[in-house]
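Consider the two complexes below, in which chain A is the common component and chain B and chain C are the respective partners.
The block that comes next holds the complex of A and B.
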């Protein structure tokens, strides 16, 4: 057994986290910053933070992840990191020539109390920021929230660059939240089908799903441009997908530029996608064309065709709050039964929303967020109440193997499978893919376990 | 492809160096220039290289931090210690199962905590009010849940700043438990200039708190310990297979596939064999000073190097039976190696390689490339020191700067009861005379050909330039470098944790490596980078259907 020391009996733990269902803020900020065109993310802290984040993102995407670091030493930790950041800004613009540097902090620079706006201002006044280039920032203390919080903070940092010119641009801002490049592409495709012009930020499509063609482009063609970000202040409205990932940035645009916003759940599955499409058509004042109705119908068709195989199957899921809420709703909407739900990201609203979604089930789901919500507890719950399917990141494969339960890989990080870069999970098309994968996992298991006499050719 | 000639391929390292430095601000260029050396043999030894110095802020470096070197590299591969990261969640998360150091915990009742990540997940209130109480409670909870024989605590950056006394907490808990060794590592990420500082901090504490705790005599006629072998991809398994076959007992590996007890009884070995000089040579020195165990440098990367290392061990023990057995084993293992070489060499001969990795690997893996007829035209370490480049004779002259000064050097004295010189000084002298000097390492540079370029702490920009200008057939570095290099159409073999595959050590490992490199440099995929219409954009004059 790989997790042989995990007992079935659940004891109280108040201080020890075992097998976390989250990681720290800066990696989220780095991922978000990669969704800006021509941007070099910069980690203001020790070298290791940057190395760890780059490694994890590289393993997840199998793509180059360029990001720089302030390379703190013991001296900078005592005297503050200002000199390091000033030198870093100069080095980066001279050697790597980005259009924008997106600085995020770490637990080290936050504990010291480095004042980013002051340091960036000093760099500007000292002429270290070439004309037309920008340095944006987000405070991402690792000891608050999770990687999701860090993502949200950097997206908010992006929204802070918006300016209201007085002239509306006729576009809708869409803040997609922490989804894959393929999902961002899919959101843009859906908007184009609706005929709605959007500004999507961040946008990692075309950045983290690039081709192999003999060129290394440090700044690939994708990403939201700084001009577009500036122009978000002139948009008709903002749709923020995901309370945890995107709402803060949308609210900032509302207060700073008076761009009205709506916060929706992430468009995974039928109902959340319905709400997204409906909101987008309402805000833009357009009607929904046949292509989208057709795609929706295809998803409904697959749900109906294969209902017998997933009906009342129980699922244990771990991951990030916005994704889990939408996925949980999708599962319930097709008559699957979430059983255990864990996110390391704090937020009481999460537990409430999951309870609300699962209120019609014949049992109370196990749900926990934040402190104490780790994969160790999740595994113990599974030992006590076994399920038919696991849904979550690659770390769940240890539980899957020990407990002999099929695993559908979803979320971050996925270190051992590919596809998430290229195939969307959002929208109706994404719903088809999710359902295909759920069915694949369940039916492979059925084929493995069915006795010979009832082994089925047709399913 | 670079021009192939006799000797090194036709490239001009001086102009490549100039090109790499051109874009840098003057101060950066001056510093980097001292970390790039074109190899020219000199009568007084190797050319001097600047190493183990700070990376310039803003540079996209390959390096990691002290915590990564301590918790990830050195302590990561030991299966029966509960490793608790004291800090915010990230560090414990990223060092969780990501290094491919395999372990064999198949024995009944064997403990294995390597699949777990333990953390105090510090929150803002812990940063403000201090985290000692939470740490104490976390250790207590780990003890109650698992009753391990040892619990280790690792400090992350903020711990040093807020002043949590993790060593006092560890000592208190150890006393309270009575049957569980608890010790801590002050391996805050900002210490030192690279992972190397973390290796040192880890090894010091293992030496201080664990080595020597078990005096029980272990069975075996020829007892060695293997220092600086981390069982990536099962390397250690293959080395152990070969050693066992020879009748050599490996009592303790630091730290691949290791257990607490291996460290505790390592001092009962009769010879220490050092694989990774960088990460552990000082432990070998301390084991010699305190317990009288001499050390030799070995290298099990490369079939020839493996044979050579086995012969060195036999020479040390000076036993005719062992010497004969070692020759038998080499004779048994080599045919498969030769067969593999016969198969791959026509496809690998004269191809060029660049290696930028680790503190030993950029040296060791050149053996394998040599065996395949490939040439290493440029190499360098990520976190090594000058002695790893130029040889141990430079150690007395190394500059102790602010960054190395704060890494503790243990003062070690001979153990009054347990010190036992394994060989008389005359015998050691004789061995040296006959070609087996103790504690000797000549470093990477003397092994490289004239005209090759050695670059310390290579960064992404320089890697890109090197690949663009020189176009080696294969580039070896880490996961962060992999895809930027491959985008340019040059395969990259990850040599930290191999990405996949292994073992590459020993005889079977050599065969694996030949096939892996053959696969990489000759993969069809590198021929697909351009679509037919991109290769021939002009429309041809006639169409097939005309």
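The block that comes next holds the complex of A and C.
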């Protein structure tokens, strides 16, 4: 019992996090920046931050993750990190030759009060940024929000590079939020099926799910280009998927370039995908073709084939707000019952939305976001009200083992399984995959646990 | 390789045999470098966290605790408290008004609930900056709760990993000397610098037991607070991974007169030498006799297996890039035992002395590198035609992308690599990756696929 130190009784908890259901802002900024073509993310802080983020992303994607660091020293913490960042910009363009550097801060540089736009401007005036190259940035103090906030901040930093030329480009901006490279590919495929031209940002497909081809490419072929980002100011409209991950960037495009936006929930499962397809159809003025309807029909077909196995199965889920909201809705729509829902990312609206989605269930779900919402509390809830399935990142495997509950790995980070890089979870196709995994987990358990006389060949 | 090495780093990458050997090291990484190095906190955390019956509370924003949550696979035979992640999760308000009160409340709550035998409180970058008086809080809680509560001064920006090791040593040293040493055998040792990855310290303890040597404290793999408190009663400190715990040995020598020797448990030669050195230190013929017997027995089992692996691996080329240089010495020797040649060897935190020794034990033409970045590593790997790369988590996918095998000799070690059995496991790991059929499907830039080479 690895978690034998977790008591069932839920006592008073002070200001303290045990087994977090979140991590800090900069790693989100780093992941988002990897979705820009030819970009080297840069961590403005101590060396350790950068090393940790690179290691975690490497473990999750099993791909090389390059990022540079300002390598703060005691001197920088006293005199400010300006000299480090100036030197870093020069070093990076000279040695690693990226098209763009995406700088994010850390708790250290934020507290010192380094002024990124001023330093970047200074680097530019000093000729440290070669012609045609860019340095973009995001403020990502680790003591505010979570990794999701950092992701959102960097995406907003990307949107800040948009320019309005006065000439519409006929495209739709789609901000996918923190989803996997395979999901980004799937969103592009759906848009193509609809015949809608989109600019997807960030776009980590082709960056973090690349092939083994005998070479190490610091800048793989994928990613949204800086030209495309600039042109988002000329798009017809923006679809932001996820309030926490994507809405800020979309609203910025609205105010800065008058590109109207809609914020949708992430397209996991039937209903959310329906809304996404419908919104994209409406904004682009096209109609939905047979192919997409066919895919939708297949998803409904699988649900109907297996619905008796979903019936009132209880689920405990932990992860990030946008993903949990959409998944929660999907589970309820197939007659499964979310029981405990935890995210370390703050947001009162999250708790309200989860309660709304689960309003028809015969009990009040346990839901908590932000302070005190950690996997320690989550585990205590599960001890008090056991469930049939866990859904969340690899850290849930301790609970899965101790409580003997099947775990469907979903979210970030996944350190011990593969597939998330290559198979989408969004869209109707992604819905099929989610169902396959849910059924696999539930039915494997049933096969293991059923007594001999009721062990079934056909399910 | 010339083009990818910064002008400033030219003297940190040296090829043996080209000129009299001189390397520059132990200097700060260049700002803007894609360095593989980590920070002070990281150094302290990896050294202390295997102490399984202590509370490890990270005072700072949540990230520092989240990224170090159970990453090292340091096994415990008892409590598992070290595998949980505790953080004060500092927020903006705390940064403005200070985090001391929050820290104190968190400590009291955790000590009350989990009843640890000691608590380590890690300082992070932000704490160093806002000026929380960690020592004062720890002192208050120690008095209130009656267990040692130890501040670890591991602010991330105050140096590199080595500084973190030193901070960890100072923290542990504050425990040493407070326990009862009655009944400790004169033939007794502390094992320093072994973190019990994949159960390795149990293997070493097994050999020592067979020799009749008592182990007082594991520092720190499967470590216990009470053992460390009486560690000064041991007759000898045996220090592996010298970078991380030599400082503790030095302090114990000074304060308690406990002598120390350096050891490595990787590879047949070094493992045997470690046992002989321990026996010799105590000057008791019986110990030496039993040490020889242990080596004899173990070798009889593993030698045929090593020779078997050698038959398949001979002539292959290895590249090594590890955290501490001391580990690299053993790796170079182990590869030689397997009939393989080391073409690249480097470390994140080696000292001048370390690199001199590396230069002495490697073949001419071997590239020796300090604090490398991925571009440098890639270029050298390709130029030298390495068949396997030994490194840490960030290096693995780089090797694979190049179509080169990989062995994790760091946190993600899955098999015990120490001891006599360790060399067999090591050979197996190397064989499994170097001879994997997957490389036959990979176009190797600048060289034929491995399969073609093998056939040739």
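Operating definition for what follows: the second predicted complex is superposed on the first by the 459 of 459 C-alpha atoms of A that agree within 3 Å, B and C clash if a C-alpha of one lies under 4 Å from a C-alpha of the other, contacts with A are read in each partner's own complex, and residues count from 1 in each chain.
Here is the rule we go by: a residue touches a chain if its C-beta (ideal position, glycine included) is under 8 Å from a C-beta of that chain, and two chains touch if they have at least 3 such contacts.
Fair warning: this is a prediction, and the values are worked out from it, not measured in the lab.
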item	value
Which superposed partner A:169 touches (first chain B, second chain C, both, neither)	neither
Touched partner set for A:161, first chain B, second chain C, both or neither	neither
First (chain B), second (chain C), both or neither touched by A:47	both
Contacts of A:298 with chain B and chain C, given as first, second, both or neither	neither
Contacts of A:256 with chain B and chain C, given as first, second, both or neither	neither
Shared contact residues on chain A - chain B and chain C	2-5, 7, 11, 13-20, 22-24, 26-27, 42, 45-56, 58-59, 62-74, 76-77, 84-85, 87-92, 94-96, 106-108, 111-112, 141-144, 146, 212-218, 344, 371, 376, 395, 398
Residue ranges of chain A touching chain B (in the complex, touch as defined)	2-5, 7, 11, 13-20, 22-27, 42, 45-56, 58-59, 62-77, 84-85, 87-92, 94-96, 106-108, 111-112, 141-144, 146, 210, 212-218, 344, 371, 376, 395, 398, 415
Contact footprint of chain C on chain A as seen in their complex	1-5, 7, 11, 13-20, 22-24, 26-27, 40, 42, 45-56, 58-59, 62-74, 76-77, 83-85, 87-92, 94-96, 106-108, 111-112, 141-144, 146, 212-218, 344, 371, 376, 395, 398
Partner chain A, residues of chain B touching it in the complex	23-25, 28, 54-68, 84, 87-98, 111-113, 115-124, 126-127, 134-135, 137-138, 140-142, 144-146, 156-158, 160-162, 188-191, 193-194, 402-403, 406, 460-461, 464, 478-480, 482-489, 525, 529-530
Chain C - residues contacting chain A, complex	4, 6, 28-42, 60-69, 79-81, 83-92, 94-95, 102, 105-106, 108-110, 113-114, 124-126, 128-130, 156-160, 374-375, 378, 393-394, 396-398, 400-403, 442-445
